[in-house]
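Chain naming follows the written order as A, B, C and D, and within any one chain the residues start at number 1.
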């Protein structure tokens, strides 16, 4: 069974990937943030660089900051963004 | 030779002693704050209570906080007051 | 109270409202952040603030709640601006009111330290050359946050 | 800058003036103290603030100078009111501006802690019964001051 998720990208990631948001049907073997990153990285150069490089990428599931091991559920809102710089 | 000083009292001291300010010619044997306190205490009950009791009395010479051992010079402005409560 | 907005804010009015809402408190501590005219040695002409609608408000709410749990606080207000700003524009306002000044100081600084490393905002700045760049996160901000995890009160 | 005055003050205006005076600073921390409607369990209807003209200004000046020496501070403003005040009137305002928020927070709190135990002001309060009394100094204020003598930065 496929999981359907909504993906958001912000700041430098949004700009470089040229994606702000997308809906995605995930292959069944993908259940963690790390697996999702590896999956997206296969889209090509820029994707690999942004998501798998030494650049710090933060992830959130349903508006909560999570780490690479966090698991994704059907219907989740997942976001990728750089370290924050507000204030 | 007498030293002439100007004395100020503030807050609870001013109210109880009924003195706001006075000019004083000090006897030659008085040179420290503690000696001045003892000298003023001889004026009577309220003076002794206020200046020599366990009530904390702070002193300043020429606008600087000082302790009981500080020495007084001719022309000094000396002040007695309770612990401060501003802010 | 949390507000994420493009409009400017009136610091004096916000402080007064928090102050007058509580006749039994004596202390109101506030932090105002403004856009600096220089960063990393370059003159800055413009700053754009991006955020993550929904998550940003939730993150700020969580930080304010944590501060209220940790210290004896009457109220906390956080206002953060988004969109295009110029040097010396106000970016952020944090106010903490309390019966005790020490608690208000700690809560206000705590909120700023956590906001700086946990609230999803990103700054992009334009330099006089016309070039723009994303502002890099400072690890001093991470350090400032960690400080609160190691010391009591 | 030091001001001891009977008139009220405009917090928003004062913060704005310190902020706009320095395009290179990002952080402005302020403390506002207000008259509480209760003290030691009694409702308060009035508060009178006495000071020592000449020495008070000098003491505040010395505290501000010490804060500027100790931290990286652009400017410090202290306004303290004297005379008759009512509950919820503003008593005191301290503002510290800096390039670094941590420095501004420390300097502002330091000034308040020293002001509370070194600046010659005395409060007398009137209760609803019509009786009045001098406010007692709190040793927690002495403790707050001593804290700064034991820890670095």
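In this section, a contact is a pair of C-beta atoms (placed from the backbone, for glycine too) under 8 Å apart; a residue touches a chain by one contact, two chains touch by 3 or more.
Please read these numbers as outputs of a predicted model, since none were measured by experiment.
Looking at chain B and chain C, the chains that touch each of them are D. Each chain's centre was taken as the mean of its CA atoms, and the one lying most distant from chain D is A.
Chain geometry summary: the mean Cα position of chain A and that of chain D are 49 Å apart.
Centre-to-centre separation between chain A and chain B, using Cα means, comes to 74 Å.
Chain centres here are Cα averages; for chain C and chain D they lie 23 Å apart. With centres set at the average Cα position, the gap from chain B to chain D is 27 Å.
For chain D, residues that reach two or more other chains under the stated contact definition are 33, 112. Listed for chain A are no residues, as none touches two or more other chains.
Chain pairs that touch one another are A-C, B-D, C-D.
Chain C makes touch with chain D in their complex at residues 10-13, 15-16, 19-20, 23-38, 87-88, 90, 99, 101-102, 104-105, 108-109, 112, 144.
Within the complex formed with chain D, the chain B residues making contact are 8, 10-12, 56, 60, 63, 65, 79, 81-87.
By the touch rule above, chain C contacts chain A in their complex via residues 33, 49-52, 54-55, 58-59, 80, 91-92, 112, 115-124, 134-137, 141.
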